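Structures for review follow.
What follows is a pair of complexes built around subunit A, which joins subunit B in one and subunit C in the other.
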Partner chain A sequence: MKNKLMHLSNETMNVGFVKKVEALSGTSVRRCFQCGKCSAGCPMTAFMEHPPNRVVRLLQLGQGARVLAGRSIWYCASCETCTTRCPNKVNLAAIMDALRKLSWDADGPSKESYVQLANRLFIENIRTYGRQYELRLGAAFNMKSGQFLKDLMLGPKLLSRGKMKLFHQKNKNLPEIEAIFNRIEEMRKKGEAL
Partner chain B sequence: MSRIGVFVCHCGENISRTVDVERVAKEAGDIPGVAFSCDYKYMCSDPGQNLLKKAVADNNLDGVLVAACSPRMHEKTFRKAASAAGLNPYLCEMGNIREHCSWVHEDREEATAKASDIVKLMVERVKKGKSLAPITVPVTKKALVIGGGIAGIQAALDIADAGHQVVMVEREPSIGGHMAQLSETFPTLDCSQCIMTPKMVDVANHPNITLYTFAEIEKVEGYIGNFQVTVRKKARSVDESKCTGCGVCMTKCPKKKIPNEFDQGHGMRTAIYVPFPQAVPNTPVIDRQNCTMFQSGKCGVCQKVCGPGAVDFEQQDTLIVEPVGAIVVATGFKLYSIERQPEDSPIQGYGEFGYGTIPDIIDGMTFERLASASGPTGGKILRPSDGKEPKQVVFIQCVGSRAREKGISYCSKVCCMYTAKHTMLYHHKVHDGQAYVFYMDARTPGKGYDEFWRRAVEEEEAVYIRGMVSRMYQRGDKIVVMGSDTLVGVQVEIEADLVVMATAVQAQDGADLLAQKLGISYDKYNFYSEAHAKLKPVECATAGIYLAGACQGPKDIPDTVSQASAAAAKVMTLFAKDQLERDPVVAKVNEKYCVGCLACKKVCPYGAVEEREIRDRQGNLVKVVASVNPGVCGGCGTCQATCPSKSVELDGYTDEQIMAMIEAL
Partner chain C sequence: MTPGKKNFLNYSYYPGCSLHASGREYDISTQALFKALNLGLKEVPDWFCCGATPAHNVDELLSLSLCAKNLSLADQVEGDLAVACAACFSRLKTTQHHLKEDDTKRQQVETAIAGPASLGKPVKHILEILARDFGLARLEESVKKPLLGLKVAAYYGCLLTRPPEVPELDDCEDPSIMEDILRALGAEPVKWSHRMECCGANFTLSRPGVVLKLSNAILKSAQEAGADCIMVACPLCHGNLDIRQESINKYGTPEGSLMGNIFGSDYIPGSEDGPRREMPIFYVTQLAALAMGVPTDKLGLESVIVDPRPLLNEKDLL
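Let's turn to the complex of A and B:
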């Protein structure tokens, strides 16, 4: 997909998708003049097949499908260095958020990366316990991703140094945390949150 | 015995770093005839000049040598100082111990010895120097402007408004040039015709401007302040004094299918025509190549219908001689063509774009005509092949420009901006169309220019693709454009309905021939050369000739107008004085020894040598000798070197002086 010949026409350029990204992120992709400062400062550029500036470039050409087919958006750490430094006020971090949302809505979990899975398990733990329960997070991630032995040998070390607890600890104000989640879900239904 | 003063300059550290200036000054003091010598940190500074003036007065000096930088740098400065001290300025000379010594040597000992030598031989030259008086020549306060585009019009109006006479010569039947062809102009999108035509009318109505259209420069003689220009007024076949511009002849002319050059060949005109309705003067001209009357002798309809009887098939070219004092060259540009060129041509066409055989691949000027309300489509964007409205338009920048392989390495400067403008015009006229632009760099320096380009991208939805087009070919009624997007790193293919190429700006046809007539220099692209890229951007190296507009190099309208006004200001400066002072370094012929071989006439690059007959009292021819016109002589000394009888000498560089210098070594 990456190097495939690109046909450009009104039919092949998905302007509707780009408009959605722009609406969700509240930023214009046309503002970008491809200076590359985002990619220059991005800590994850080395792991991405499309560095951040190219993600925007592909959107300028109406090639959202090419972006979503890759794993760049899932490697984005949302550190917002790009947004902070952009000379043209392009909120690239928001564009990445919007792309992840649209990707999830369209195709569900990415086949390219386990980032979504990790994110989901992380959030589920918070909702259940009111704080993180690392042992469960690691175990569940390994089971669901099918990588049963991944980082297994780190377990004893983390346990012995107290970085990971054997049993879970619950937050005292669980109902309030549940209220936060409910509020976000309400907002999502109304389209006020991603 | 001479009393010469020698002043050795440190030039800060530029000279003193490698040359022992104190020793040079001390040794100079020992040369016979030197009455005073010293060294100083900055001779050109005010205290330095005062030092020189004081030394001249105190020591009663009769010659001055300043050993410092190149005379090109400060000769004028020191001659002025010497003059202020009461010395003839031409008795002040410079010894170049900077460019010719300290800058090019490292060994201090050797450099010092060389500097001393330079001082020694220049002292001898000063000893043999003569007092000279500047040459004064009268100035004809009338200017010639060659070219009636925006550059020529601006220059002519400025000079004429200052109260001087102007002669404007335009090759085409109407003034207006390329700007009259444009639809709208960047970065404000104001209509070109609306701002251009009032200026054209001003030229025609100005009491100080004499306008010759359909005319060319035949011959230029003379020199600054005193040019004699011969203008060939081509036969128009219509008497300008009788024609009322009613246009009946054009409506009745039976030849109606001649491609109109003004519309880049896309509109049609008659054989008797004005290039466009707003033409100035509004007098038709007969295109003799396409006129039935001239080709077969049968027709003459225009003559029959012409009420005032202005049509004259017998009209001949006329030659008009105009004496002028200054010349503004404003001959403009032409556009590069992708068509196949001869094998030996330095400029090549584009085979990969079909050599101009694909009708829907057009150039920027053609697009201007399509977008213009006065154009062949009445302002509708319709493609040439089938008259359909194109929905996918590809614009390509840098066609010809920055393509060394095609023979042009320069940037044409205006294309980035006019392509951005084209995408806007297209977007305004075809709302459901998409414009794509292939570009290598977007070069938009200028007031409001970058904002204009960004507007095309951000608001007018042009898709800019950074990368060039490799090939274009016809597939069905589409043009397949094969390019690349170097920002993504992929090949790009677009099926376009219309392709618009921003072709390179080139010098006008015949620009080199005109330069030869004028005696001005031009570069390898036939663009005229300015005297100094930064400090004399308007003047030619040939005195009295000034440049305006794209004949000097690609330029947009604001830059052209600025330069035209600058050229006009230079002309007015020249016209501010009744007499012009010139450097008296000119050749003189010793008629006693001249044998009249006229070898000097053959080698003179300025055409300053004339034949002169010497007759006795009875009127019998004694002999023919060479004679130098001091107004024209450039002081190069070629004649002096050539003369077999040693009877030509250049003042300030006489054989006696040169020999004395050699002997001093």
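Let's turn to the complex of A and C:
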């Protein structure tokens, strides 16, 4: 798909998707004139099939599906170098956030599952424990990703130095955290928030 | 400064999840340093996770709401909010910035947290408190044991300075706040290339291969510049440079493979440019507290993976 000629027409361009990205990120993809400073500074381009400037170009051409099908958005480290250096004030880090949210909500196809799994477990941890519980985070990731032995040698080292706790910390605000999650879900159901 | 019962300044404190676990020595040394400098530090009761990178990555509204709620919890304690973790600092500041600028988002967040968003309290990173509130001159005067002869690579990472309009900590491309603090402590900051490069951040859980590659470049650059050690102000940077250093030095930076899928990509032999000298990683608060004459058993040096004590011994600083 990557090397095929791109034919632009009403059928192949999804402008509605781009508008959603722009609304979510609060930034306009049309401002980009492809200077490439974002990709030049990006520490993660080596891992991406579409470097940041091409992600924006694809969005300009209404090719959101191509972007979501790849792993680029999940390999963005959110270091914000792109946003900092953009001469036209395109907030690329926010565009990446918006793309990830749209892909996440649609449970759409992507070549990257580990990063999504880690994100999901991290957010689950907030809802269940209030604060991060690193032992559970690591253990659940290994079980669900099938990398049973990943970083196993680090476990004893971290535990013996007190860098990883066996038990999670208690938090009085757990009901309030749960309420925040629920209220956001409700707002989305009612169409009051994106 | 005249010693007295009254603290010089008082701060409320949001340590963040890492400081109660993998970055515990950052918490220990921050408390010790603030005590030594006569700065009050009181933890916000029942603070919870700010959401860090994963939350804003997939759900900005959730991230803003979690931070807004934490900011209103912080109002229970007097004093500006001191934050040690660069990621928490960035998220809390970003939330304040966004909600001040965007009324729609603020209304959504206020619905989510069922209360008004409290945006008035200044959020300050430890570096800012040391260099500006306390002041470099006063810091220099308070030094009891100058870190003479210690060559330090000051590592900023991503979130302390970027994007320029949010953290307001220092210049976004050429900051100097860490080097200024180092000079005040009597240490010698080195000039090096990778002080603003990303270490791989939270890919340490999902894609450790990414961390190995990026952190390897940072360690290599610091060593080439002649640094004895690296100073950080972020528990994630510390985790990547310290906890993963052994596998970086032993195995180089392999990409994923079948073996990698079973063992996690850091246990595949295949060295590129290791083995290499071990590079201790310090938190800014550890070095500052050391210079203030805090006893070395109160700096959390024993819980770091790459043992910094041989280096400190060699430099006669222990």
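What to note about this one:
Keep this in mind: the second predicted complex is superposed on the first by the 166 of 194 C-alpha atoms of A that agree within 3 Å, B and C clash if a C-alpha of one lies under 4 Å from a C-alpha of the other, contacts with A are read in each partner's own complex, and residues count from 1 in each chain.
Everything below uses one rule, namely that contacts are C-beta pairs under 8 Å (C-beta built on N, C-alpha and C of every residue); 3 or more make two chains touch, one makes a residue touch a chain.
Model, not experiment: these values are computed from the prediction.
Subunit A is touched at more residues by one of its partners, and among subunit B and subunit C that partner is C.
Of the two partner chains placed by superposition, A:106 touches none, neither subunit B nor subunit C. Once chain A of one complex is fitted onto chain A of the other, the partner contacts of A:137 are limited to subunit C, with no touch recorded for subunit B. In the superposed model, A:78 makes contact with subunit C only, not with subunit B. Put simply, subunit A touches subunit B in their complex at residues 2-10, 13, 28, 30-31, 33-34, 53-54, 57-58, 60-61, 63. Only residues 17-18, 20-24, 45-46, 48-49, 51-62, 65-66, 69, 73, 102, 108, 111-114, 158-159, 162-164, 172-173, 197-198, 200-203, 205-208, 210, 213-214, 243, 261-264, 266-267, 302-305 of subunit C touch subunit A when the two sit together in their complex.
On subunit A, the positions that touch subunit C within their shared complex are 24, 26, 43-44, 46-47, 75, 77-81, 83-84, 91, 93-94, 96-98, 100-101, 104, 114-115, 117-119, 122-123, 125-126, 130-132, 134, 137-138, 141, 146-151, 153-154, 157-158, 161-165, 169, 171-173, 176-177, 179-181, 183-184, 187, 192-194.
The residues of subunit B lying in touch with subunit A in their complex are 391-392, 434, 436, 454, 457-458, 461, 463, 465-466, 485, 487-495.
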